[in-house]
């Protein structure tokens, strides 16, 4: 990725969404991933807020990549990122106060979400604006999808609902621990095992297919 | 004659103690407490014990079959986990509680980490804590025994520990609470295996005599709780004694704090572990909002165990500094 | 008078049938020499002996037939009179093929001319070492380290205490017990001779307290003798380990990685002392030893066996082994060697021949349950389970740090392990690899140093060249 | 109860930032493979957080509040933290090379450790005074260090156990952390 070759929009976008999914593959941005995912709706909101910041900070940093001196690049990136975070924070405080209250400090903490920082450092600083935009969008949506999935699982077991709709049978006694810290860690761990297993099976399948073709 | 001879490397004799025998000994030691539970809480207790044990053994069996590993249910450790889990559930709980608990204990806490000896937290206790946090209403309401004054819903108003907490806070006197004898033989509300202290002590003595459990952990743990209550209650001997005999302290100290995989191995480490458990039990009982601190105390010390082990391992005999 | 003297750790191994309880009452019987004796040239630690006879030679009983092959080596002698039938490779207990001198017994037992010491009480240390060396004496407890080497004290070390090992902590074995019971005078005499020769004023004889009769016999024999004290020791394996014995008797700790002489002590087995007594007083070389036959044999006992007697002859004398025997062991059950061929000869270090059933072999390894029993059993205060895990994970640097090289391979951890893990076996492999790695590091460092030195030497030489 | 006891017990055990609140998970999972490195990271974090708590409190009450710029809190704090980390790194390099060698590699990672920002923000939210804020920062960081050490101890042990392959690495660390969090729940409501 370090080579400044031309990158087209779609592969970069898909790379962020699936191949290098920030949550399941890169293990970035764990705090909000675990902190806010007690309900699917929170996951979506947090994911979209992060995507917004990611897209615009990637874009701006990419545009400024040849202007910012190397030595002060970290404070510079942080200022860029923090500005967008403050914007989305103020926006939510004004228009979605309830959601903002639920997500709490985590919105402010998007600043230190390592996904954004990592993408700025490893992608946007080396790539042209359009590709950076694609990367931000892909990574952001990848992040949104995975934390929504995590949040949905936790909501189903922890509250018996999904996006607020009752999905479990009426007699179901919600497993409260799923909404607490241990539930977050363990659910993510189990999901990660599943993702790894699926990936491995898929890899084996494709290898087998290759071998078949060769044969 | 010569053909049958086998080459083995020394030592050529092995002690008769096996993992299986140790676990069977624990089961034997646990039997009195279970019987007492059935006597005090009725057939319902037996059903919970059965479901819990069967779930644990089946979970281990199915997991190992699925993973194509060697089946290890023959070592009886799943039975021990099942018994301990059941003993930590109130007899009024629905039967899906021990089922969920059994799966959590064996699958999540034990097998995922590599099976017996590899888990770093006590499976039964962890499962109990998860159940407790998830379904506090079910896990936290204790039935009265069959020999106590019956209540409308069969649940007791105040556990001995709650009574004692009020005594400790100076809001009640000892005389109002459960009698010492009732506490000792188990005629008091509680989870099904923890009430009969006589049975637990019998089992504990068996464990120590059979060289299964190390006395240092239970003694230092119970001793710490006793001494701390003595010191903080102005040397109220009766209160301190009742604190020791209430709740899950004895069951935890003898059967769960002594779990090999989750407690330190060196002598010094075991004393530190026991004192740590006792200290946390005291702090949670006296100051936290959970009425019973025993399981969380042991769990927390389980987590600290690798570090205790790291810093208390014996130095090699004759090791001098410059030989490092 | 003395508090119970304990070394750290240790175990109480159990015995099967015909163990110490039975055999301690069986007096030493002399086993007649068989038709053919097979005398290995390598019965000791160190270089094998060099044969000094040829095929067809007639040898006399006690004649030196192999001379020491180096400093750390020992002579071997003909255990009977007869003819050298062959010098060939034969199996030893460890299963290796070693050169052996095979002697056809003529049943005359014609002795070579023996030279008892002239004035035994005034022997110097050097004379004593020479006698011991000529008699081919090695450590009789099973280690078979050449005794004269052990008694060669470096100049900067002092030898102030003689520690005599009569612990006999291995299960089943009673050879030393019977020896102490039947020849206490000879043992005390041997100790006195050594004390005179090496100028040592104190000798401590450690005997496990379950041999109360032997303790009494030795005490009677030592009455009125200055400097020798008989010390009962708690029954606990491995009480007879050098470092453990020294600690139990003197409270001195042998530093890790060092030899016992660091504490001013030399440890000798009672059997060795007895052999020294025979060598000095009668001029007799080491041609026989006392061996216990125990376990699943029909008539267990303690036998005075000529070195080179095939095990088969010994077993025949005991009425044969029982049908369900599955493993045969030379030495004790904890540290001995299993063998399958009963034509292997008895050697200088063979303290026992045991027949055991399958219960000891048919054990499956299962996962470590972290019970900590091995930790408590280890007499060296090591961390057996952790070392085993690291060795299996091939993390040898950490294994080295945990002190695997201090393991004395006593087998206590393996004995107590309820998961039946093969700990001692793992440590043997681990020690070998750690030693190889250490040597590699040493070699590399030496090479680097040499290179640096060469550079340094070159530099001044260059400078000189310029000046001139 | 005594405010100091509340801060000490609260920040280390009851409201442990990692185990009870989901902050600082990335370094918690990333730097917990070995106890020694965990200790180094923990000490570095403790140092930075204590300082950052002190400085951000002053920034909030001496600059942002007087100028009515509270909405710039995030930007201001993160800038302070980033600069602070840089300064600490440079200072350590000059003043104590040995300490720099031990902690240096962890310092750049601290900028993106959300515990630092979270503690700074929460100090303001909780209305602590300067001393309380600094102490709270210090003990929060010690709580973080404790959690890090515990996880590292367990992970070192798990490395030698026969965990299934698919559990090794992050999934195992996550589930371990989850179980640890269960153990920490016992302190709930202690204060």
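Here the chain labels run A, B, C and D in written order, and each chain numbers its own residues starting at 1.
We take it that contacts are C-beta pairs under 8 Å (C-beta built on N, C-alpha and C of every residue); 3 or more make two chains touch, one makes a residue touch a chain.
Note that this is a predicted model, so its numbers are computed, not measured.
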Third chains touching both chain D and chain A: B
Most central chain, Cα average position: B
Pair of chains joined by more contacts [C-beta pairs], C-D or B-D: B-D
Longest centre-to-centre distance from chain A, chain (CA-based): C
For chain B paired with chain D, centre-to-centre distance based on mean C-alpha positions, whole Å: 33
Whole-Å gap between the CA centroids of chain C and chain D: 59
Distance from chain B to chain A - Cα centre to Cα centre, in angstrom: 41
Inter-centroid spacing, chain C versus chain B (mean Cα positions, whole Å): 48
Residue list for chain A, restricted to those that touch at least two other chains: 177, 180, 182, 186
Residues of chain B engaged with two or more neighbouring chains: 108, 114-115, 117-118, 130, 133
Chain D: positions in contact with at least two other chains: 161-162, 167, 172, 175, 179, 182, 184-185
Chain pairs in mutual contact under the definition given at the outset: A-B, A-D, B-C, B-D, C-D
In the complex, chain D residues that touch chain C: 159-162
Residues on chain C engaged by chain B in the complex (per definition of touch): 7-9, 11, 13-16, 95, 171, 243, 247, 253-258, 321, 323, 325-329, 333-342, 354, 356, 358, 360-361, 363, 366-373, 375-376, 379-383, 385-386, 402-403, 406, 409, 411, 414-420, 422, 424-425, 428
Footprint of chain C on chain B - complex, ascending: 1-2, 4-19, 21-22, 72, 75, 77, 114-118, 214, 260-261, 264-267, 313-320, 323
Chain C residues within the chain D interface of the complex: 367, 386, 389-390, 393
Chain B-facing residues of chain D, complex: 35, 149-150, 153-154, 156-158, 161-164, 167, 172, 175-176, 179-180, 182-191
